[in-house]
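Structure first, commentary second.
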Amino acid sequence: MGHLIPPSIMPFVLPVLYAVVIVAVLPLLAGYIVLMERKVMADMQARLGPMRVGPHGLLQPIADAVKLLLKEDIIPDKADRLMFWFAPLVSVTMALLAYSALAIGPAFQIADLNIGLLFILAISSLGIYGIVLGGWASNSHYSLLGALRSAAQLVSYETAAGLGLISVLLLAGSLSMKDIVQAQLDQGVWFGFSVPFGFFIYLVGSIAETNRAPFDLPEAESELVAGYMTEYSGFRWSLYFLAEYANMIIVAGIATTLFLGGWLRPGARYHEHIPGTGIEWLDALPALLTLGVALYSLKLAPTQPVKIQKIVMVLVAVLCLGVACVLAGALFAPPAVMQGIHGAFWFMAKVFAYIYAFLWIRFTFPRYRFDQLMRLGWRFLIPLALVNVIGVGVAIVLRQQFAWGPIVSLIPTTLATLGVAMLLAKDDAPVAEAQTAAGE
Amino acid sequence: MIPVDDYLFLSLALFTIGVIGVLTRRNVIIMLMSIELILNAVNINLMVFSRMWGTVDGQVFAIFIITDAAAEAAVGLGIILAFFHNRETVLADEMDIMKW
Amino acid sequence: MQTLNQALFIFFAVLAVASAILMVTRRNIVHGAVFLITTLLSTAGIFLLLQAEFLFIVQVILYVGGIMVLFVFVIMLVNLDVSMRQVQFNRQWFVAGALALVLAGQFLFAIWVGRGALRLPAMASEISPKNTEAVADALFSHYMLPFEIASILLLVAMIGAVVMAKRRAG
Amino acid sequence: MSDERTTKTISGMDSVNTTVLGADEIILNMGPQHPSTHGVLRVKLKLDGERVAGSECIIGYLHRGVEKIAEHRSYQQFAPYVDRMDYVAAVSNGLGYCEAVEKLLGTEAPPRARVVRTILTELQRIASHLLWLGTHALDIGALTPVFYCFREREEILKIFEKYCGARLTTHAFRIGGLQYETYDGFEEDTKRFCNDFAHKIDEYETLLTENRIWVGRTKGVGILNAADAIALGVTGPVLRASGVKWDLRRAQPYAAYDQYEFDIPTRETGDTYDRYVVRMEEMRQSRRICLQAVENIPTGPIMARIGKVLKPPPGEVYHSIEAPKGELGYYIVSDGTTQPYRVRVRPPSFINLQAFDKMAKGALIADVVAIIGTIDIVLGEVDR
Amino acid sequence: MVQRLKARFGDAIREASLDRKQAIVLIAVEQLREISRYCRDEEKFDMLVDLTAVDWPKREKRFDVVLNLYSFAKNERLRLKAHAGETEPAPSVCEIWPAANWMERECYDMFGIVFEGHPDLKRILLPDEWQGHPLRKDYDILKQDTDWVRENLGIESGQ
């Protein structure tokens, strides 16, 4: 195929292909994450969630998308027309741009920049403009307050999340996503386990960065009525919505690559198997999983009340069956192909697990007040992250000087950070009284 | 071997626009932004010559300029906010007294 | 590769100059800020062309992601529509403009004389020491002292900003 | 609140940003149809930046003139109106009114009726507190408790439906006793509900009480000390959370409360967290009362012997009961005819809402929502 | 307790009676504030449970201002009644019990009794520009302030 395309643009073909795939798949993925969120929320709250559109609400995202497209697109009359049109565009492009450095599988990566991680951080930090300009352009008091609050929140939690990442970079030694995963393979341990606090800080930081769960103050329904998105409707609003979910997937992707060993199969270290012979049973797991889903949906098909729901269920079953065959087939293919496909599967599995954790946290915790949110960010997370980074640095020095094992050297770090965390947490609680008593 | 002149022309253009911005505009914020523009023009020059000599000193110096721009912007905007808070105006002409 | 490189440079250059001009002339500051952001992003692009990846990232994160957010914050907090109505250019704009052009002319002449003398080495396919590592080494070896001074500078700036805010809020 | 400093808008563009930074306060209007004001309550907040400098509640959007209607209805005809006032706790409204008229007539409901009335009122108290907990948690951002609470409340409403056919505005009691005999499965249903309700409450406790964010959002918010509470006439859980151990069911027992022992939960600081703990404890106590009452429901008539047409001797009476929101009182003046001359309802929510301004001063916007939730007001009762 | 009141205020205490085992004391409206302060401080009636009014159109002093008090210490209730005329204002008890604030505003809104000394006496339930006081006996139940309805709601009121 190489000779068909003139050599000068040869290096650009594959990345462009991947980019097209990602941009096409993303809205669908975001839609289905919304469905997953509503389903998970429902079963946590002892109810069923969307069931009406398609079997078990599987067609709900498509219905939402169509509704959003048809909805009338209102622009407040005194709004700043140029900014109003430009703001959601900014946040969506930034969200999509950040995918370029994300390494889905060993092969499936648009551009392996050697400053991959920094690039994603930089681009996602530009997302703030979409929100701030959006809040400003809709020219209403509520959305401006919401925009300012969310910008302040993003800026402060970006530092916390960034510091959380640095502690991992010290271990990995490189910025490029592929090398980080490689480092985790060589050291045989996922960084999530070796630097637990870094993982915790990044988890909290990423939740705050995507305006979700306990930190979703900007669009806190009760006071500011959907914050900066108040004046948007119809397609424009769905752009913001898409940007938010795309950000969520990016953040999950970064966390998976850095803390959960990207596309590495759990227990990847014993991976030196010869193709066709000692395939570890773990490799077959993906195929078996998708096969199970296919059988389940087949069993469900006849029970669907409406005829077309039966067809949809059968369709879903066929789709899962196909994926299962691909995964099974890959087992016998040369290792490069097998790694590519299985890598992508494991990466997506971990991303979805991380997003499930997002949803889980979202439905158990009440919302933080704005000043508590800021206090948590600046007074608790950032100092903790700093201590963590120093701790990891010390651990690395220990490992080089006294050749301790990678794990052994990190234990003092975790203990030290734990101690500091307790210290900081202790003086957080009683502050609430003092502050309101002063206000009295 | 690409000639260096295109980059120099570009940074000169940005530099002149920045200077014009500072000198002619009345709004203080726009003046601050024009200063950022001038600093950016200087950065381009540094990068070009660092690339030409093949060393990284130029880039390191550019980093220092950016940090300095950050510090300058922070304090500058602080002053503007304080001034706006008291005098409700943002125009350079009306900032004629030192102590308000 | 050469033509693509040239095309990119022209694109970034034109974008930078155009948005710079727009920034200076716009009546609405928010539009001005957005145009400044486009200028900064296009200069970041030029850094990439000059194979300075780390600087590209620093420019994007620090300049656009940090300082410009500060600017946009202040613009929103400042009472915008009154200033939009006033005259945008001060009285002596004509004299200032002429002076600036004279200054530009001198620089132009200086560059014109040395035209073609300096050459950029060809676009190396793979930079030997990765750019980030090289900058890092330099930063922490030769430039240790300036690095510390820069950090003190930032500290002073932070304290200044805090004092400014506290006095106002007090 | 006389100086009405609205934001100065400069000609042309309605400037949004003038006062974001400006020194003068901005008037933020949480309008009648705000998602978290538990009904049509409008609060004008004077904000100094993020803090509330002063607040004024504007009510009356749901005013139906119930007291005027009462003067043109006979005693029995007015009973259903009473349920519409505090529509969340209709049964206890009915109990208050019926007992007030019985006092006016000088008669007493038979023992069996009194015990069944106590059981139904206590179930209604649990239902009302469940609704309060659900909406209060939802305002502060916890999305899950509201569904758990409504699942339990559903059980109670089923019992009401089986007993008197209606779920919300039940009109379960008649003056002089009860209209309907208890359906045969009544004792079992209540017992089953009370038994599995025990660990349900613990479920909410684990979800919220130790939750750092919940504590952070509620502790120290909307503080009301005992002296202010009494001066402002605040009653019910809000008063008990401020440290005053007073409950009408114990102080002046009515219906069959004197036969059962239950304790009265109180807390000291009187902030949102204490009110939350007091109400959770009250749900447990109500459950205890129900269990004791269901054990021995005395047999006997369910209706006292009073004529079809009630003509109470002229005079007046004031009778009050412990409704879930506070002391619900009825001051009835009769002029000997079949229609009451004047019925005055003492609504707990109306008077508790008065304390809102004292609690909200100095709080943040996000707390205003929590404070409205913690007073547990129902606008039907506030506006009458 | 009534003797102590009589000793203190003499003829201001018109009559004391028991109706359905509830203590009622009829007092002169001029002394309302002093008697209320006395009840709160000496007699420990520290909570004003309710403040309302009853309209007797046939009497020359047509309104009954009724205060229900409750004492936590003695666990007792007391009802003070005072006859107030249509025009002359009744003294406000807001300084003694802040709880009276909204209740007095409601009485003014419904009956038109002016409480002098009230910090912010304006209508609480009805819109401010509403004419007439609904709970008065002569205010027919079907009557409505038709012009307020027409100009604000733009509909011809149904009655």
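Observations
Labels A, B, C, D and E are assigned to the chains in the order they are written; within every chain, residues are numbered from 1.
Operating definition for what follows: contacts are C-beta pairs under 8 Å (C-beta built on N, C-alpha and C of every residue); 3 or more make two chains touch, one makes a residue touch a chain.
Model, not experiment: these values are computed from the prediction.
Ranked by how close its C-alpha mean sits to the mean of all protein C-alpha atoms, the top chain is A. The interface with the greater count of contacting C-beta pairs, when B-C is set against A-D, is B-C. Separating the CA-averaged centres of chain A and chain C is a span of 32 Å. Chain A and chain E have Cα centroids lying 64 Å from one another. Spacing of chain D relative to chain E, judged by their CA centroids, is 24 angstrom.
Work out the mean CA point of chain B and of chain E, and you get 72 Å between them.
Looking at chain B, one finds that residues 81, 84-85 touch two or more other chains. Residue positions 13, 17, 20-21 of chain D are each in touch with at least two other chains.
Chain A contributes residues 8, 80, 82-83, 86, 113-115, 118-119, 121-123, 125-126, 128-129, 132-133, 136, 144, 147-148, 151, 155, 175 to its touches with chain C in the complex. Contact residues on chain B toward chain C in their complex (touch as defined above): 1-10, 12-21, 23-27, 29-30, 32-34, 36-37, 40, 43-44, 47-48, 50-52, 54-57, 59-60, 62-64, 66-75, 77-82, 84-85, 88-93.
Looking at the complex, you find that chain A touches chain D at residues 41, 44-47, 78, 139-141, 144-145, 148, 214, 216-217, 220-223, 225, 362-372, 429, 432-433, 435-437, 439-440. Contact residues of chain D toward chain A in the complex are 13-14, 16-17, 20, 26, 28, 35-36, 50-51, 137, 139-144, 146-148, 151, 207-208, 211-217, 219-221, 223, 271, 361-369. Against chain B, in their complex, chain C makes its touches with residues 5-6, 9, 13, 16-17, 20-21, 23-24, 29, 32-33, 36, 39-40, 43, 46-47, 50-52, 54-55, 58-59, 62-63, 66-67, 70-71, 74-75, 77-79, 82-83, 86-90, 93, 96-97, 99-101, 103-104, 107-108, 111, 115-116, 118-122, 131, 134-135, 138-139, 142-143, 146, 150, 153-154, 156-158, 160-161, 164-165, 167-168.
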